[in-house]
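Below are two complexes that have chain A in common, paired first with chain B and then with chain C.
And then the complex of A and B:
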């Protein structure tokens, strides 16, 4: 049950953590580019900044393995220690929590898929509508 | 024929009960006491400066760290950058210390909010817990009657609205034997009859005046055809007594369950199993059982006619997430 809840937590957080990580990377890239410009102007070496920049540009948050783990499992483990193994009510509640997280995640995915939440651009929306009836939008 | 058309229509879940009026619920809220998503207060312009209102209006993330702090009275509170989140009415989002699991899930929920626009459906737990807390505060000893009216928190009004769901309860409506070669009816008999019997017993033993036996009226399509269903006065009295016995917190959970399952009895099952330490053996049901009972007819329809995308799949997740969220909020160690 503990593992099930952990799995659901990771799964439900993964998509949004990828988005957050990508936004962080973008911010970091902007900062480094600015620093590189300053270094160029001052005439100092930019090799270290360049290396950092390429590393950032090559980083793909979707393949980041650290996102397959929760940043902090200590409170959950504490919760598990507090619960006695014979307590079926607590175990049931953990199952409910996992089911809630799974369905909440799937619900959000479906909402995005069916464009009920306005996550698509106009272009993507037109394309999706065309795909539904088996058509493609002409290129330009 | 007309019924089966409405059933697979976009409003499938709402139109499930033969009391055709449900179709209207899509256009006109059945309950004026229903909590809006995110706990947004749409009724009156609200200038309470609370995190939930700010997020609802701005739709942008304005914090970096979400933590759990402690509050007086051995409570846990969810904090954004070490400031407590407040509900739409301005109460602190603080829960009792023995709801640790709920606290962790609330923290997780706020952690997940992406940088960009916040969706109405992304904070279901916060929305429900806010309703619980606001109901508690407005119905407390020094609750403000004006605020109570503003959030639709008057218990008599809530009772009255919820009791209407007992009249046309999903679990009390039986399909004709001719439909689906009798398989649906057989499944309904198997699933619903024991629940009806044990809920009758539960109400009789705990909430009936002088322990007079309570009888729930069912609507059998073979005998009664298409008509509304009504419960007796004694049944309604017992059900009202049950509602009055609930704490404000549990009433909000009950309301959420009834609104998503369209069934008063599913609400009783959830509260008895998740909020109380269930001592009634015949009333032991899991959230999966509750969801199955409330969507049995849809399950058979989609098996026969196929799943309509953008409708059945979304509704299925919606009811499951709502019932399980209610179970998590009800649970207390």
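And then the complex of A and C:
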């Protein structure tokens, strides 16, 4: 019961957390590069900043094992503590929550794979619409 | 149902963010294949290093300095039953398998877990 819900939570949040981590790394890299420039201008040592920069550039969020764990499981534990294991309705509710998360994640993944609406630029979309009625978009 | 297929396509799904005009090799579509007849390439050592790195990433363990095959989740790492569940779920995700509840209840040490994963043909 606890395991099923936990597994669904980890799985459904992991992809977005990887994207989030990548974005964070990018921002951090920009900040560090700026700091490095400032240090160069001031003539101070940049070794520490360089090390941080290379560490950030080598970090692969998809391989980051800390993202395999939920950041905070305390609320889930509290729920588990409060729930009586004999109560079939609680058991059902937990199962439903896990199934909902799984299905939602699968739906999202399928949409990303097969829904092309986000894959075209505005220009391409206008062209496709024009082609559909036998017209061409004028050059320039 | 689609889980195994989707997971192998995950990098492709991320690449979809770029518009078609920008994508250089949009036409190349890689069909993921998996030869079940081929021997499982995961060795015990490889599994163990990956399991250890997962354990090191877990912030609830108390002594990570010397984790070996004999290390017990409860006695040596100081994890309670719910922490152990958390760790096993992370290990499941790492190897993209699902450990059945009955087996998971029996896994008490790192060595047992490594052995189970190495014997599981679906582990990646």
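One rule holds in what follows: the second predicted complex is superposed on the first by the 116 of 140 C-alpha atoms of A that agree within 3 Å, B and C clash if a C-alpha of one lies under 4 Å from a C-alpha of the other, contacts with A are read in each partner's own complex, and residues count from 1 in each chain.
Keep in mind that, in the parts below, a contact is a pair of C-beta atoms (placed from the backbone, for glycine too) under 8 Å apart; a residue touches a chain by one contact, two chains touch by 3 or more.
Note that the coordinates shown come from a computational prediction; the quantities given were computed from them, not determined experimentally.
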### Simultaneous placement of chain C and chain B on chain A, clash or fit
fit
### Message
Looking at A:138 after the superposition, I want to know if it touches chain B, chain C, both of them or none. Which is it: first, second, both, neither?
### Response
neither
### Message
I'd like to know which partner A:90 touches here: chain B for first, chain C for second, both or neither.
### Response
first
### Message
Looking at A:11 after the superposition, I want to know if it touches chain B, chain C, both of them or none. Which is it: first, second, both, neither?
### Response
second
### Query
Is A:110 touching the first partner chain B, the second partner chain C, both, or neither of them?
both
### Task
In the overlay, answer first, second, both or neither for which of chain B and chain C A:73 touches.
second
### Task
Could you say whether A:100 touches chain B, chain C, both of them, or neither, answering first, second, both or neither?
first
### Task
Once the structures are superposed on A, label A:43 by its partner contacts, choosing first (chain B), second (chain C), both or neither.
neither
### Query
Looking at the superposed set of three chains, what is the minimum CA distance between chain B and chain C in Å?
9
### Query
For chain A, which residues belong to both interfaces, chain B and chain C?
19, 106, 110, 118
### Query
Quick one: in the complex, what on chain A touches chain C?
2-3, 6-7, 10-11, 14-15, 19, 64-66, 68-70, 73, 77, 80, 106, 109-110, 112-113, 118-121, 123-124
### Message
Help me check something: in the complex, which residues belonging to chain B touch chain A?
### Response
68, 100-101, 104-105, 108, 111-117, 119-122, 124-125, 274, 277, 286-288, 309-310, 313-314, 317-318, 320-321, 324-325, 327-328, 331, 333
### Query
Touching chain B in the complex: which residues of chain A?
9, 12-13, 16, 19-20, 23, 75-76, 79, 82-83, 89-90, 92-94, 96-97, 99-101, 103-104, 106-108, 110-111, 114, 116-118
### Query
Contact residues on chain C for chain A in the complex?
1-3, 6, 9-10, 12-14, 16-17, 19-22, 53-54, 56-59, 82, 85-86, 88-94, 98, 101, 104
